[in-house]
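Each chain gets a letter, A, B, C, D, E and F, in the order it is written, and its residues are counted from 1.
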Amino acid sequence: MRTSPRRWWVGAIAVCAALWGGIETAGVFGEEAPPEDEVAAAPETPASELDTGANAWMLTSSALVLFMTAPGLAMFYGGLVRRKNVLSVMMQCLFLMAIMSLVWGLWGYSLAFGDGGRWIGNADYLGMRGVQMEAGQAPMVPGLGIPRLTHMVFQGMFFIITPALICGAFAERMKFSAMVALMVLWGTIVYTPLCHWVWAEGVLAFGADGAFAGGALDFAGGTVVHISSGFSALVCALVLGPRLGYGHDDMRPHNLAFTSLGAAMLWVGWFGFNAGSALAADGLAASAFVVTHFSAAAGAVAWSVVEWVYRGKPSVLGAASGAVAGLVCITPASGFVQPLPAMIMGAAAGVVCFIACAAVKTRFGYDDSLDAFGVHGIGGTLGAILTGIFATRAVAPDYADGLLYSVSEGGPLLVGQIVAVVVTAVFSIVVTLVLLKVIDATIGLRVSQEDEMRGLDLSEHGEEGYIFTG
Amino acid sequence: MRTSPRRWWVGAIAVCAALWGGIETAGVFGEEAPPEDEVAAAPETPASELDTGANAWMLTSSALVLFMTAPGLAMFYGGLVRRKNVLSVMMQCLFLMAIMSLVWGLWGYSLAFGDGGRWIGNADYLGMRGVQMEAGQAPMVPGLGIPRLTHMVFQGMFFIITPALICGAFAERMKFSAMVALMVLWGTIVYTPLCHWVWAEGVLAFGADGAFAGGALDFAGGTVVHISSGFSALVCALVLGPRLGYGHDDMRPHNLAFTSLGAAMLWVGWFGFNAGSALAADGLAASAFVVTHFSAAAGAVAWSVVEWVYRGKPSVLGAASGAVAGLVCITPASGFVQPLPAMIMGAAAGVVCFIACAAVKTRFGYDDSLDAFGVHGIGGTLGAILTGIFATRAVAPDYADGLLYSVSEGGPLLVGQIVAVVVTAVFSIVVTLVLLKVIDATIGLRVSQEDEMRGLDLSEHGEEGYIFTG
Amino acid sequence: MRTSPRRWWVGAIAVCAALWGGIETAGVFGEEAPPEDEVAAAPETPASELDTGANAWMLTSSALVLFMTAPGLAMFYGGLVRRKNVLSVMMQCLFLMAIMSLVWGLWGYSLAFGDGGRWIGNADYLGMRGVQMEAGQAPMVPGLGIPRLTHMVFQGMFFIITPALICGAFAERMKFSAMVALMVLWGTIVYTPLCHWVWAEGVLAFGADGAFAGGALDFAGGTVVHISSGFSALVCALVLGPRLGYGHDDMRPHNLAFTSLGAAMLWVGWFGFNAGSALAADGLAASAFVVTHFSAAAGAVAWSVVEWVYRGKPSVLGAASGAVAGLVCITPASGFVQPLPAMIMGAAAGVVCFIACAAVKTRFGYDDSLDAFGVHGIGGTLGAILTGIFATRAVAPDYADGLLYSVSEGGPLLVGQIVAVVVTAVFSIVVTLVLLKVIDATIGLRVSQEDEMRGLDLSEHGEEGYIFTG
Amino acid sequence: MKKIEAIIRHFKLEDVKNALNEHGIHGMTVQEVRGYGRQKGHTEMYRGAEYTVDFVPKVKIEVVCSDDNLDRVVDTILKHGQTGEIGDGKIFISDLQDAIRIRTGERGEAAL
Amino acid sequence: MKKIEAIIRHFKLEDVKNALNEHGIHGMTVQEVRGYGRQKGHTEMYRGAEYTVDFVPKVKIEVVCSDDNLDRVVDTILKHGQTGEIGDGKIFISDLQDAIRIRTGERGEAAL
Amino acid sequence: MKKIEAIIRHFKLEDVKNALNEHGIHGMTVQEVRGYGRQKGHTEMYRGAEYTVDFVPKVKIEVVCSDDNLDRVVDTILKHGQTGEIGDGKIFISDLQDAIRIRTGERGEAAL
């Protein structure tokens, strides 16, 4: 990213022009020819015809991934906070659905998926040029059976949920304005490059020219979504500091019924997330669907059983958390592993994330309110590494076997996976830290003590979650 | 409609025959040949083969649109009323899902989509004749890749949600029996003709022979669904009068967590509503999906920002309302506009509907309990007009450019749009008014004062929403 | 099943080997050739090419069926219990999603769908051999356009919801550990054979060699899912006995808002259940979708109207229950009947299940807490029988006409349907009884009186559903 | 000092509060209660089961005031809490030994 | 007049209410409370965190009655509220100066 | 015997309870209330409508104790319930005629 700073300004200026002068900028409104390189690309792949089945599945998957953020995550996270903050969490999810979509449409997609080299995209798709329909035709994604519009909106749903996951770390105390500023910047500066590195032949893409350590396999977002959000979440938790009364006051989840239902919605939506990442409705999509399901299942069982053994009772919060941990862990691997290894991955995630949430957090004393780091950071890291072990050419012949199947291929792959984890984590941590410091110095990060005690629903949004009297 | 009064009786009689004598009426049960004109139509379009991708997407879309009514709207509306009326709202949604489906299957679809001329359909599809399977084959919709069964059920979901939207206007005070009577009549007398006018080459269909002012563009129901329901809602609010204690008692929404989650469900379901209206899984569906998403996003941001500026705080109810306003506004335009104009449309809807709900309603003092008119009536009207401005042949080459792109085409188009708005509004207002008067004189519209104070859950349904004691 | 006891042990041993020695068992991880008979089957059906539309629909349907169990059923059932048990119900649903998926992947699918003869499947698909991808290719289901992985995961969702339905009978009093043991055993010993009998050319499959009374039509699980779970539920209710204070204490549903929303989710999800059972995105899927919708609608109306007439008020619980009853009833018939008969079936189910829940249960005094028997047992039986009356070759030319259309075909069909009901009911009752006795003698079935009074959320899971104070 | 406990209807709370406020009573504590009395409850039906619900939701207001203010408070509640229908509720009056303001430790009437 | 406040178990409420009713006591007010006493609470676990919950849900009944009825009410509650296990609750008795029926303004025992 | 009713802030409950416990007071009953007083409420906005909410959520503690313990209880609540900001709440003290333990029928101070 640092190698092409000029591009940022190009992008920013172009987008402003597109937006404010847009009515005149005919190109934005569809009368200009698609950008040159897109046209050039077309002849290379004359077979890129619309596959209505693929498109049907990808549109469905897009809806499913949005469904994950809200109602899914909104309900999952909303149930975990105290009553007085339930709306603030839902507002974060809902507002991120809105604001991140605009960012994605205006410049995010272009920076992430523009064909701009190893570090960052370019301005080709700014303001949806080259993505939107032209002369009644929707430009296709070369080599795939789906329009670029479909690809754009599917990927845009990831751009929503990733920052929403981070909200778990600073729930119940962050200013809404600071949250908005953080996420717009984070999405632009952290997410879009990462996305480009991993999924647009960038420096972390497996087999890409000049990729670090040969690049890494990440089918649906272990690095891009979970490690990035998880480690950024940890930074947020540390920088903001614990909630008032943390460790002393009653901070039990106020509505575990919501949390259970939200977890189930995440599970259902995750099929779009992972199986949709096949970008087709083929056997690979089915395989990704299956391993996602089995990993979630194994994660839920594993976390519950560990609780059962160590604490005497399996809890529904444990089962829900385990399912999510399993889903996180299988995400990078979902297009590369077989069903039984998926069960093993899910089970491992259930156990490891339980330890991360129950033991590690307690020991270090940071207040990651809803365990965004414990589940997404740790679960994502575990998934990235296990992908290096369980990946198999039986599922993805064009990639590589993991360590279990081939030492010669799996060894380097595992190194690539670990390098990708480290790069992603370090990059996320550093930029997030800088962003938080800047926001703290300008807007301020935390609400006042009085507002925090009164609850963010009232102090930040002037509303109450439930009014059961009368 | 008034030009073919005879048809009503034909329909009514035929449907009764089909129903009660149905066991003997073999045709209803599938052994008779499809109606003549359907057979005749077939040769014209020999290419009407099943497109499994299109069918997959349309079945999914049908499920999504049902999902909008409940859980979506039920949760959205249910959260907005007082605790003592939560079930009454959910019952309205659930019961409308049921009763309107029966009406649609028995005569509604036939009246709306039968090939009956400019004013109303015919009896061809009464009781699902010509729609249902024959000899193991499902009749296809000429020119489309989907069976007529799919078309019928998809459209049927619109027939459910439209009356359900109206319920927002008279929430917390209308008799359940009156609501049922109203909606069965309203669906038959208002909805089916309107639907025919707009979507079955009727008097409001763009480019149809003899259409008023050349007809209007309405991709997914700006007139048919939102303007019709919104203006009918206004009439209901005026005729029923305000709730007891309106402006004095505490009428805060009892469960904004529900409302937030419901809004998100509406957003997700709306992809089926708008992108499904492409009746295919093609690039146009993808485009409609994208503009729907962007308009919702812009609406949520706009409403929140206006609140933020004018009232000091952005609320989750504002973000949710803004998203819905954006979704309403883009509905007629979703198959005709590009992504950036969609953002502009959403933002406009967010601002305009905010004013309608916060300022206009307050000034005129009517009690549109859940702002069915403020959001759907106003937002739908805005959307219909903006369609005349932002529509472009780049998206829909066979239709017309809006005013932004072509004055010569856009001018007449805009006139057609405005005429359609006026016709729809006037027709809805007049018929709804008559229906309400008739019902008031027979069944009675409002529950007793005592029942209203006790809450409709208890008085109308003998149940309580939440029992948290014990 | 009793004719091939040896197979059980083969299965159990194979699965253990596959699991624990799995890392070495290369076959499990995808490097072995598919089992012989699968390869052999391929030449027979060279046309079995991937239909991306079908696959898209089946993946969507799989997601929809999972969505039924949770959030759907979890919310529906969760709202019906008392506040202190809400999480225990949600935990049952969530945990069954997890544990049953593992069982299905390891041995369930193989026992159910392995090509093992009339009584039970075989070991071909143990641990996903022959199902998972090989050399980048997903094995197809012969004769269908979908990969076996898709078929497996779709069917697996049925394996989850069926035991989850039973939970309604023993809600608020059964030990969680006993529930887990029961369901793993029940799934293996009751569900997989039944599934094989009905859907894998077994002894209840219509037209299969040596089928009892010629076999029965069961499109989407009237016998396999509803009758089996319903009668097993009755046995559970009888063996466990009523809840403490049954008939005396206040046992009103604590959250009918949840129940209403859950019912709507079930309705939406059921489209995947029934229309997905077409295993394709064709006209038959559309037809199944439509009849499902109409039957639910008629059921909701019928139950509500009966309540209205007999009790003076239509309740939302009634409408919700009626919709579910209609959905249950149409399930076996959904690929065989026309739309209007579907309305009749739904209406019949609404009335009959109302009587079963309101009159029969009261008379006999058993405590089927959430009416799992009254709705699924009775509704499923009714549906199976009515399938024998309303089935028509117009929908399914390769099967048989019901009694309404042909006495010669319909008579024997009806007998086959009744035999299938009886066999399924008796088999379910007997095995469930044995299982309960075994579990009672070992683990114990019921929580202690003190735990029951305190509520299962606290006593079994150490959590509370809602914390609204503070 | 006196403690006045009044059980009233929900929708009267706002009026009573405002009226007390106008009469110089600026403090009170309110809670949700369920009352049993002459006012009939109702029955609810859930599938087969019918439940008779005898308790009716009410609001309880507690006002502590000086002996001098007693009549004013009682009259205000009587006036603004009345509908004339069965179920308007009761006022209960008892003696209070002392009142203390936690913030300052002030005692007696100064604490109110 | 006397005011009797009884803290009892939830599932005893129905019995106590019916018994009081049979003994001619036709009015009472009930509220949800949480009690702390000899009866132990429980612990709850949420991921890493363990919470000790000391308060136990209880129901509080308030009955105002004439001095004559005091014993009857107390005995009835004692009899029907008892399980013999720790946590059955308490009865507190205090004097009441006056009672007023809001609907009519009646005072004293006539108000009950 | 005395009955002490204290209206305090939610987040002080835990401290007050623990402090009372340390001072040998092992029983109390707690309920959710809403208070109206000097502490201002807030306004809420829902689309067009603005609502002024005057009542503030508080917790009410009821402790019954022997006359001897009165000062100890009051002092403990004063000390642990204070923040010094408006809205800390009140303590109300009244006489109690009798207390009975339902489980055993014990009366007077033995019942506590």
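Please note the rule applied: a contact is a pair of C-beta atoms (placed from the backbone, for glycine too) under 8 Å apart; a residue touches a chain by one contact, two chains touch by 3 or more.
Keep in mind it's a predicted model, so treat the numbers as computed, not measured.
Between A-F and B-F, more C-beta contact pairs are found at B-F.
At the interface between subunit D and subunit E, under half of the residue numbers appear on both sides, which makes the contact a different-residue one. With each centre defined as the average position of its C-alpha atoms, the distance from subunit B to subunit C rounds to 34 Å.
Inter-chain spacing, taken between the CA centroids of subunit C and subunit F, is 53 Å. Subunit B and subunit D have CA centres that are 47 Å apart. Shared interface positions of subunit B, i.e. residues touching 2 or more other chains, are given as 51-54, 56-57, 60, 250, 252-253, 255, 281, 311, 313, 315, 317, 462-464, 466, 468-470.
Annotation for subunit D: residues 11, 31-32, 44-46, 94-95 touch two or more other chains.
Residues 245, 248-250, 453-454, 458, 462-464 of subunit C are the ones touching subunit E in the complex. The touching residues of subunit F, counted against subunit B in their complex, run 44-49, 51. Those residues of subunit B that touch subunit A in the shared complex are 51-54, 56-57, 60, 64, 82-84, 145, 250, 252-257, 260-261, 263-265, 267-268, 271-272, 275, 280-287, 289-290, 293-294, 296-301, 304, 311-317, 319-320, 322-323, 338-341, 343, 392-398, 404-405, 466, 468. Residues 250-253, 307, 311, 313, 315, 317-318, 321, 354, 357-359, 361-362, 371, 374 of subunit A touch subunit E in their complex.
Subunit F meets subunit E in the complex at residues 3, 17, 26-32, 64, 94-103, 105, 111-112.
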